[in-house]
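So that you can tell them apart, the chains are marked A, B, C, D and E in the order they are listed, and the count of residues begins at 1 in each.
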Amino acid sequence: MNPLRPSSPNRSPALAETESPGFSITDRDATRQARELEVGQRPGTLNIRKDALKPRLFLMSYNDTVLQEDEYTDRYDELVAYLNAHPELKHWVDVRGYGDLHLMEQIMQEFGLHPLQMEDVLNDYQRAKVEVFDDSRLFMVSRMTDFTALLEIDDDQLSLFTGPNYVLSFQDDYSDCLDPLRMRIRSNFSTLRRQPVLYLAYALTDVVLDHYYPTMAAIGDYIEELEEAIFAEHRPRRLLNRILRIKKDVVRFRRLVYPERDKIAEILRLPEEIVPESLKIFYRDAYDHAIQALDLAESYRDNISSLTDLYMSDQGNRMNEVMKVLTIISTIFIPLSFVVGLYGMNFQRDDGHGHYLPLNMPELYSPWGYPTVILIMGMVVAMQLYYFYRKGWLTNR
Amino acid sequence: MNPLRPSSPNRSPALAETESPGFSITDRDATRQARELEVGQRPGTLNIRKDALKPRLFLMSYNDTVLQEDEYTDRYDELVAYLNAHPELKHWVDVRGYGDLHLMEQIMQEFGLHPLQMEDVLNDYQRAKVEVFDDSRLFMVSRMTDFTALLEIDDDQLSLFTGPNYVLSFQDDYSDCLDPLRMRIRSNFSTLRRQPVLYLAYALTDVVLDHYYPTMAAIGDYIEELEEAIFAEHRPRRLLNRILRIKKDVVRFRRLVYPERDKIAEILRLPEEIVPESLKIFYRDAYDHAIQALDLAESYRDNISSLTDLYMSDQGNRMNEVMKVLTIISTIFIPLSFVVGLYGMNFQRDDGHGHYLPLNMPELYSPWGYPTVILIMGMVVAMQLYYFYRKGWLTNR
Amino acid sequence: MNPLRPSSPNRSPALAETESPGFSITDRDATRQARELEVGQRPGTLNIRKDALKPRLFLMSYNDTVLQEDEYTDRYDELVAYLNAHPELKHWVDVRGYGDLHLMEQIMQEFGLHPLQMEDVLNDYQRAKVEVFDDSRLFMVSRMTDFTALLEIDDDQLSLFTGPNYVLSFQDDYSDCLDPLRMRIRSNFSTLRRQPVLYLAYALTDVVLDHYYPTMAAIGDYIEELEEAIFAEHRPRRLLNRILRIKKDVVRFRRLVYPERDKIAEILRLPEEIVPESLKIFYRDAYDHAIQALDLAESYRDNISSLTDLYMSDQGNRMNEVMKVLTIISTIFIPLSFVVGLYGMNFQRDDGHGHYLPLNMPELYSPWGYPTVILIMGMVVAMQLYYFYRKGWLTNR
Amino acid sequence: MNPLRPSSPNRSPALAETESPGFSITDRDATRQARELEVGQRPGTLNIRKDALKPRLFLMSYNDTVLQEDEYTDRYDELVAYLNAHPELKHWVDVRGYGDLHLMEQIMQEFGLHPLQMEDVLNDYQRAKVEVFDDSRLFMVSRMTDFTALLEIDDDQLSLFTGPNYVLSFQDDYSDCLDPLRMRIRSNFSTLRRQPVLYLAYALTDVVLDHYYPTMAAIGDYIEELEEAIFAEHRPRRLLNRILRIKKDVVRFRRLVYPERDKIAEILRLPEEIVPESLKIFYRDAYDHAIQALDLAESYRDNISSLTDLYMSDQGNRMNEVMKVLTIISTIFIPLSFVVGLYGMNFQRDDGHGHYLPLNMPELYSPWGYPTVILIMGMVVAMQLYYFYRKGWLTNR
Amino acid sequence: MNPLRPSSPNRSPALAETESPGFSITDRDATRQARELEVGQRPGTLNIRKDALKPRLFLMSYNDTVLQEDEYTDRYDELVAYLNAHPELKHWVDVRGYGDLHLMEQIMQEFGLHPLQMEDVLNDYQRAKVEVFDDSRLFMVSRMTDFTALLEIDDDQLSLFTGPNYVLSFQDDYSDCLDPLRMRIRSNFSTLRRQPVLYLAYALTDVVLDHYYPTMAAIGDYIEELEEAIFAEHRPRRLLNRILRIKKDVVRFRRLVYPERDKIAEILRLPEEIVPESLKIFYRDAYDHAIQALDLAESYRDNISSLTDLYMSDQGNRMNEVMKVLTIISTIFIPLSFVVGLYGMNFQRDDGHGHYLPLNMPELYSPWGYPTVILIMGMVVAMQLYYFYRKGWLTNR
């Protein structure tokens, strides 16, 4: 079993097979992103990425008593008609997928969006931000994160525009992390239904922010597994790569959340007429959450930097252990080899001319010669072992 | 005896057995915390953690002459009645444990707290902060720290609400670090009894702040022991883990104290009508304490980073020592082995056909051959030993 | 094939041969730049670098309906005459190359530039900046980057002066990255043609900014190749040099972009009369792009620092592997050598005087002596191999 | 002679024997300090440390013509009487030692000090600071440093209170660094005698600040000795400890001086009525000095960090040298041992059954066998030595 | 030839011999400076360093048409007389050398300088700064740098005082970097001669600032040489020392330039009446230069830190190479030694009692025994060499 399989629930079981991309620490995503920006284009030009999904349109219309929910994909005109017919309701127009330039331009004009704003929506690599336009409307960008099975933080953009009685949201994927909010709207007793439509914009920001925590929890679980892997007898392959990879993720997460925090701080500074005090109390709460998410990311970064230290030190320890084995074996046997070599010398007691040479290795002719040598060698080994034991080299570390 | 047992008094004797979790450097706590936050919930929804303790209610009522102290657990109505009956007294309503949602909601309404504030109380992972509400009431969050036997900084939240003649405090544990304050209230001559009720809120903040010092002292003691452990003949297992673990604690402590300092700074900036100048002089003192605690944490962080350097260098030294043993033994005996091998060669003085070969190893037939070789080898060893001695390799480091 | 050839299109195929300068991590460019500044000269003295190109003059004149485009090299007077004759058109005077001091002084006086500004233009090492002069004219410096085949960021200066109905631009090279903009001007339907001339200055800034992305993408590709090279069986020569070299490039890029961002921020703070709100909305967009480029550079810097860690760790791993080979071989054969040496001793069973010495190496005279020794040695080897296998030393890492 | 004995004059000759505490890098002082703070005490409670010295009282009274100097220890009432009797003189009341709670409370009330201020005086661990009280009186804390023979920065607190015609100073030690100032007061021609009493407070601050320089010079000398020690043949024991120890000192020094600088900056911002412009010009000078001391500390910190790098690199070099010795000896003798082993083989020319086996080691029966082998081995050694020489392994580094 | 001889022209040829001080990385200069400050002296006391040079006085008097230049050493009274006699000229009073306390005091009083300012002049260790005094006069300190042959940044202080029609400058050395400016004054056509005298003060600041670039260029050249030295076959001695030494220089340079930049920024903030707008345009240019010098220093610091990484990695590579040689030799010959030892065993085919023991080493009696063993050993070596070749251990890195 792969010891590095994160246990978090948002991990697919296919992780083991697909993990190999998880080894790369370079930011392929950023590079791709850099490459896709076209040079020298007129700012505000709308470009649809080739792989963009066909847009699906959803509408949730509600007030404290009524709830109307429908999909208007390919029925954009009906959607507009419905909106115009029901000024008394609050509407959430939920556009998923950008793959229809004509429709996007229609929406842009119908809802009074600036081409540069629409470019930000479709460009899809914006940092979290808030802009006030038409005096009191808000354009907000949030980034929805997910920690994928490939050990990568996947972040999708959620772009919001507020209007007198609607919130218009864009995202490039069909599935998202907003379902808990949809549930709350569907609930008859939800306070959300009684609040003004600006509260819906807040709730969307907040649910995205809340989703940062499971992302971080998944990363935290993975860091823990990495720590265990460092000390495992059989280290997984390219362990340091994995550590540095998750570091990249955490750093990226921080870079996602910082603008989010700044965005909320900016909302808190907006005048009463745009964001009323009764709503700001909720944004203040969201601000605390953003700070906490940053604290968490900071804490993980420290953990990972400690992991790197541990890894390096463990690498040294392993080398040390190898050297100890070599040293113990060599230190014991090299002197012994000398001794046995000594008595393998061929000094002769006879110079070949019949003269007796009594000084040449008389030990070889002693009756106790061999046992004595064996004994002496045994004692040397015993002393060495004792020395190594005292040094602590015989125990594991 | 475990050389790493901290000597600080807030350590349980059971440390040795339970220390193993102390090896982990990853922030399990933070991860758990991240996981517990529920996604997409309506902000202000009150959630009680499953393992929350049943609330106990304590009341201390006092003025300069009177002191009334009682536990009102399960008698909430009586408590409210008593409060209403004694507007002339100052009250400290001390709620410990959150495990009763209904009671929490009752208190929230009775004492005029905002649901988001109550959520902060129950959520229990808030950074230290202060909020002004209802024009002049204060909502303060402090974090009470403890350095546990598991080498972890345990931090509990103390949430305070001030009212016209009461302070309402919440914490999730039955035991806390506030007993010295309770003693001071009980004392008849305490100035605290003569001060306005806001002073009680200050005193609660201050006693929490004071408790940071024993926490830090315990950490300081432990750091000292770690330093000694580095140079011990037998290093404890996973020593670097422990060093990095305590680093994590110190970093976490700093992250706890920074908001505390900011909180006090914010209190100092509050207008005279909310916090009078006569009270601010005390908060200024608390501010100095918070700065000092941060200085201390900073200083510990530097110490630990030096410990890491020492550890790494010591690891290198140990490797060096292993290599020296290997080198000394090999350098002495490998040449000797060559010499004895040399005279173990079987070059013959007779070519098998009766020819005498005088150049083949005449040494073997010399009367002083063996003693001469022994002597030469002895001299080589002596020279090598002298060389190693000069290099300082024979001494310990 | 050279594994480090960046795949980005702005690489020449001659890379492999010319890469050697890419090994240097020192900032020769900066040093040269430092040396070229003449000491003690009167500020505002115009100096032409010896290798400056002969100036070429280009003029694009346009309004919504008309487009006139011509090269006026060596016909400066005609250019001025044309400008004066057509006050109804917007003009882009595009000067490429500085190698004619007299012409430069003529232009300076004709267009009312300050000598210090002209010195900035010719000096050619200015950071991006904006200056307001003559109450409402702008002097802007941008830096155009390119990631050359020599693994170096090449940056040229684009200096802009705005006037009532013209933009005057200077650069020291004939080729540049502004062609996409020229295309847009040539297009009849371009909004640019309908916008005031200040928009042209914006468009020039923006097209330079857009060009940062391919530069970064090329660097990103190269970083990826470096990562693969670290783990290649045969590491390229001086790999760490290359890593540190690219780090230098990224750091330099950041240092280029920071002033660019600050420049745009300063433009955004200029009063309405100088830069109207309708134009600022575009600069705000450019500001977002500058921030994103900085984010990218930041992210690359982190990647490179991770690369350095990987490199160091891999160096340790390679050493470890070398040591393991040595240890395995030595540990197996040194004890065996002892054993065979043991039975190579010459202890005699006869003391040369006819006494039988039965204790001297009776094994040698045992019928199963040799096979037994062979067997024992085989068992020792088997045990050692098993030990190494358990340690994981026989597998690759 | 101990090579690490600092040569600075404020070192006692007993250094060599007492240096051992100098090995600890952990901040025992800070820990002790943390432990001594009592938890939950009423702020403003006066506590006397058990080891506090009995207070000694000194008084210097002067104006341009008169100078009266006396010790009033145990004669506090006389001192007060004298002060009241001479409103025309400027007085410096110099209290050394805190060991008399009653006296301290008397002074506190007599001189109108706030209990929290008095607590700061006795607590003795305050950062440098300035407080304005009673509208125009100043309470200043300075830290007097000394670099002791134990390689520790010893810092004592000097607390100052200004009054209409006196300065009241507290310190916990009998000896201090203020003697040069006392000398200046005693001099008849000192401008100090003609200046208002606030100038005395300035002069006290300034003389403390001036004393930082010899402290730093002593540290600088010690750093220099450490650098030499790194490259010494016989490194002193625990050299890295000493380096990190002095780093701790420098860091601590910076932490002492920063608040000092901030204190002076705050004094410079005080209104003209409290600190007149004619005095501020002197504080501005002191401010420059504080900045310079910080620069110096910064510079030392860089030096020490370079020392750590040098130490680590030297550790690597020493290991390298050990390895080279091993490698040279092994590389030379292991192949030779093989050769001599080769000719120690016992292949027989006779199979025991009378068959002649001419292929079995004919070399052994060649007349020039032995000399040839010796010659070949000599050539191999010569080639290896040449190889090592070319590699530079035979020279020292 | 010394491979580390900087090629910059401001290097003396005597470098090679005198370089040894260049090895020290500790800041002797700073320590000496710290030691020279006398403790407890009255601020504003003038002290002349013992080794101060005898002052030389120079005067340049000019307006657009007139230029008078003379040395007034030992003729101070004549200089004052000349100044008073020519109020219509602009004067540069150029004092070089401080070694005459009486003269310094005379100048101080004559030109209306404050004792603290004069102390700053003579003290000679001031950071760059600007002070306004007497409402509109400026006191400016600049630091003139030079990169000496001893690899040290030499910095001298240039102190300037402006007056109604003169600039008074002080420096402690006879030679300086101001000659280019003197040349410009001497030129009849210099704009400088037509500008007000404040422009002369600017020009002095600017020429000092310009001189930073050759200093940096010399450092840059040296860094380049160090990089080459790292990879040289024979590394120069104490190479890391040199790297860290030059790092110290760069850090010191930055610390010199930062205050210079702040000084100019402060001048730019001075009101129009003190520094007119027409002059500020030149200071703005100087500000850009200061920023560029800082950028350069920053860039060098990064280069040096990369050098350190390279050095460390190269150290590892060298160790690796040593280990590889050891491993290859050992791995080849240790098994061979075993084999030859094996056949050196003395197992007998005859048990001494006439029994034939056929199992004891029959190989020794085989006719092809010896050639077979030689062949097998040759094959083992070939296989090992192939393995090492595959691993890339036989090639250089």
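Observations
Throughout what follows, a residue touches a chain if its C-beta (ideal position, glycine included) is under 8 Å from a C-beta of that chain, and two chains touch if they have at least 3 such contacts.
Bear in mind the structure is a predicted one, so any value in this text is a computation, not a measurement.
Copies chain B and chain C of the same sequence differ by a rotation of 145 degrees once their CA atoms are superposed, given in steps of 5.
If each chain is reduced to the centroid of its CA atoms, chain B and chain D end up 26 Å from each other. Inter-chain centre distance (chain A to chain D, centres taken as mean C-alpha positions): 42 Å. Of all residues in chain B, those touching 2 or more other chains are 312, 316, 319, 323, 326, 330, 334, 337, 341, 344-346, 361, listed in ascending order. Chain contacts here close into one cycle, and each chain has exactly two touching partners. Traversing the ring of chains that begins at chain A and proceeds first to chain C, the chains occur in the order A, C, E, D, B. Of all residues in chain E, only 177-181, 183-184, 190-192, 206-207, 210-211, 213-214, 216-217, 220-221, 223-224, 227, 231, 281-282, 285-286, 288, 291-292, 295-296, 298-300, 302-303, 306-307, 309-310, 313, 316-317, 319-320, 323-324, 326-327, 330-331, 334-335, 337-338, 341-342, 344-348, 350-352, 355, 357, 359-361, 392-393, 395, 397 touch chain C in the complex they form. Taken in their complex, chain A has these residues touching chain C: 24-28, 30-31, 33-35, 37-44, 114, 116, 119-120, 125-127, 129, 233-235, 237-238, 240-241, 244, 247-248, 251-252, 255, 308, 311-312, 315-316, 318-319, 322-323, 325-326, 329-330, 333-334, 336-337, 340-341, 343-346, 349, 361, 363-371, 373.
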